[in-house]
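Below you will find the structure I want to go over with you.
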């Protein structure tokens, strides 16, 4: 009934608030024998970390993970694996003024309605800070996918505000996302050099103007074997969509041809099958999933992310008594969360794939 | 691990294939005391039924539901409620030629990869025929929402192929969707009279040309109390998205401002809170959910549906041995599934809301 | 939240009441490719069937199973498998007098408290009639265990009232349970010929006196591979205990040395390990499970069953208004349910083992 | 699929090994507004703590709980609540000799078969050390039951080895369990003063002889409202049995009349209903549950616990290669775990009741 667990066979359970002692995840169902070190997790946390570059929030978190259980002598034991990430740079006093009023675009009002009580410090459990636990779990899932079938999940930013990049999902490699052509860090995680410059400018301008931008991230999962996903409700596309929609700020998800595909005709939309080494399709408008089950082609997804709700300017709102008021957010926030959204989305996709991989292995060939 | 159940507190489990004896749903968790008759279910099945109007498939199914358990003297007992809908108009021989080849756009290939065996008759379990069980369950969920808080879930078609309608979600009523202005049946379930004619023409043309169209459906859920949805994974938006994505042919889902919202600025996207009788927002770009929890404002969702994969024309494919072949679909199919998609989407949304309503009631005030 | 499903990877969901149209089970997660015919199911139902011999209830049910989905050309497809067993010999009028009073030992009162409404006809959902769906599912699970690892689940009666049998669990074979030494049917399903006669007499005497008897059944699961069961809550012993306790009338469950083991010393209780072909233990006081995980030794369990609550004599009770009354049960009932309990217990044990087998296969070797 | 979570609406997930950094529990679904301080948890941990008195293991653990999330300003927020208990007195070197051999009665062999890898230090995840997380969660559940309906869960030891106590479950109060008549600590948690002395002597003698004892604990849950439990699989008796069987060393569970009831006749076993202020039964052989649903009468359960497997004397075993060997356990262990088992059993019972209480509240009256 409660909602802090995700997955069936590779199941994660998270806890923690923005301004509490820390955030943690328990991974239940990670197969035994996987090599895993704190550094594997720290590397992914670093990509999500606040303060990582000039375009994101200035909150500074070391985000050093502690593995509390489930790893023995460098390998997973198969029993529950817990990872704790302590919070460090907490400035709860920034939020004192918000104790009794609701920030527009935030969950303040809905949490108050739901629970009667709320932890107003930095959004409490509704803060994007909780995603640190997701990324820690995603690091484990990624290692599992790689070990199990050479799987890779890679994401990037393809739209910031009204700036759209031109990207071929099949051609992107990790360094395109993490670095710009001259080798410096890719602050936006956009692999299109032309769009990159415009995106940086747009984000800097939004910050100067006390405003924020949304955007779209795109993800590809490669080498996923055909057969993952369960009819009829736990279709792979359905679980991937739920995973992405569960991330704060996501407004929409599409795969393959997506909303544009709705305007096409069947004769042009269907991907013809082709033989050769294994069955493949000539095109990939189906985004790697047919009937909600992986086809062996690359899985391609996109997620729309809303502009950050916290903008450092006065906004019309009401108090918890319903009295009109003006709220001004003074915490430290991202003018555009897209660059940090990429590792979070990757993590959730990797978790879904790890889950369905184990589910599929259990069913297939169970007759021996 | 398997995927034929959906929901936690109001949980449905379905079974049945396109060309087997029938389809059924078990609803576990329907509260006791709800008035329920077979006619309540039949009315919703009729809206989904094949052969209901000239624009849809000519398969003819009576779709008469049999309540097998869970109702006593006209009211639900609180124990598991089973509904069976027998299949009638089955022409399995239409599919004999497809036993060893894969239809483009269908799940034939992925099921074969997943299970090793497949029921090739009409898609077996991957057929949209399975949604008859969802609509039966949705009829119960709708009655529950109405009884519990006057809830209403209403959907319509807002795009067919490239024809887009102009619709104000707050203004649509049931008769706008089911009838055209002169009182006749609304074959497309599009409440915009101007777009309606163009949509009918587009569908008729696609059928004449042996082709098919996709489109977009929009849904609104009204009177939903604030507080539904569970952080952090079972957010209401996440479960609604999973529910819609679990329906065959859905390529994308968005709520509120959706993908368009990704291009906006935070200052224009945030909905200001307003007081008065209860807290409301001045605008509804948040689509009735903040932090993934219902806000009390109307919940607004859209789903992109791909053009029907079954088109009566030769298509390139391969056999199960990987040998190139040409397949020609000869079964009876919808040139555009959107009109029949509307009641299916409504059903899934109602099921999610019923589930979260019961979940919320369990937690709230459990301290007495 | 509701309780009509059992299992994770091999999950059954049941519906149906004693005097409704029928009872059904949906099995979700049965692996593809298992040979399955209605006769496989009918054979197990026959062992549970009322009216099968002079010692049980005279209600007559044909119990012919209809497979509604999940089997194609004689083999399971891997998708959800539904089985319906219609009720035939229903005499609801027998229960009219009970509409407003509570039968001692039955669930009448607790259902009324729980749901507010109740189906008083023959106990409704609380009737042992619901176990027909469990036995149908158990027939599938048994076939799966046999195909997967030559698994066998066998039960028998080891106590009726105060008559206790002397049985070596390792030595019992199916014919010992189903037949008496001269080849006739074993009405009690007790493989100890000496105790058998005394049990038959005791049951006949109880019936003559308008009374009923309880007893104890014992079960063994053979050839179960080591490694099944999940720490720490889904231990195999925990899931087996839940499975048996979920059957109506079960008062207690023990495995291996059981309650008697509580009086032993560690030095005498521990089973020494021995080598040879695979690791085994010299004795089996641990009942085939260590740390809640199967050891490869035979799994041995016992369940205590209460005397049938329905006895055809006046009993003190109250009406739904709390007014003292006398109720007299007039339906048809078993003077001792133990003979029919055996196939039900076997079914639940087989379902648990099928579930854990698939769960284990998913996790083990998932790294490829 | 994995097994480290328990419960549906009040769901606990645990992690941690005997000799790792610590043990933790995430409670998902605790209702908001419950007053909760670390001291509430510490008080229960103290009752389970090793080293608490001369009859138990000499391992010394401070067992100071850290609340990592879910509590704000002294009250639960309704979001996930995490509690961490660090391990302190770890002597892993005691186990070095066991790296490649299997201790009789322990899970060493079955874990090795299941996972391929194992954490041999003190049993790893199979150690009773993991129950510290259960007791922490149970402390929260107990507070919830008390706040919600004045519920109380109380356990005691009723048998140690062959010494049996005579106890009336309705008469026992907390001080009887925690103190002896002269006010000193009750080292055994047995409220029968006569049996108490014999139990202490028996445990001391077993320790002197390098041996161990088992026993039986009894539990009562009071003030539980009628209506808790779900038909047909999640019966309250079934979930309680699973909860108790999930605890290490439990060999058997019974409720109400239990195994003794199996020898009774229906006419003497049925509890007559009586009116008055609310419906009650004249006797309580049904142990507070009818049809698996609480009746409002006290819930009474007993659990059989095996003698501690770790006995400080040489035992026959085999190495992981199957070669015969002698193992001698040298860690610190309880000669009889019963005194410390009591708070663990209470915790699990409280967790089941909290879970079913919330589940029931969700369903009941959901129609408004």
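Chains here go by letter, A, B, C and D, matching the order in which they are written, and residues are numbered from 1 within each.
Keep in mind that, in the parts below, contacts are C-beta pairs under 8 Å (C-beta built on N, C-alpha and C of every residue); 3 or more make two chains touch, one makes a residue touch a chain.
These numbers come from a predicted model, not from an experiment.
*Asks:* Measuring centre to centre with C-alpha atoms, which chain is farthest from subunit B?
*Replies:* If we average the C-alpha coordinates per chain, D ends up farthest from subunit B.
*Asks:* With chain centres defined as C-alpha means, what is the inter-centre distance between subunit A and subunit C in Å?
*Replies:* Chain centres of subunit A and subunit C, defined by C-alpha means, are spaced 46 Å apart.
*Asks:* Where the CA atoms of subunit A average out and where those of subunit B average out, how many Å apart are those spots?
*Replies:* Computed value for the inter-centroid distance: 26 Å.
*Asks:* If you average the CA atoms of subunit B and of subunit C, how far apart do the two points sit, in angstrom?
*Replies:* A distance of 39 Å separates the two centres.
*Asks:* Scan subunit B for residues touching two or more other chains and write them down.
*Replies:* 1-5, 8-9, 14, 29, 32-33, 78-79, 114, 116, 125, 231, 358-360, 362-364
*Asks:* Quick one: label the inter-chain contact graph as line, ring, star, complete or other.
*Replies:* complete
*Asks:* Show which residues of subunit A lie in contact with subunit B when the two form their complex.
*Replies:* 1-6, 8-9, 14, 102, 104-107, 109-111, 113-114, 116, 125-126, 130, 159, 161-162, 206, 210-216, 225-235, 237-243, 245-246, 248, 250-259, 261-267, 269-276, 278-279, 281-282, 286-287, 289-296, 304-311, 313, 315-318, 322-324, 359-360, 362-364
*Asks:* Which residues of subunit C touch subunit A in the complex?
*Replies:* So the residues of subunit C in touch with subunit A come to 1, 8-9, 29, 31-34, 78-79, 144, 147-149, 231, 357-368.
*Asks:* Quick one: in the complex, what on subunit A touches subunit D?
*Replies:* So the residues of subunit A in touch with subunit D come to 1-5, 8-9, 11, 13-17, 20-24, 26, 28-29, 32-33, 66-70, 72, 75-82, 84, 114-119, 124-125, 358-359, 362.
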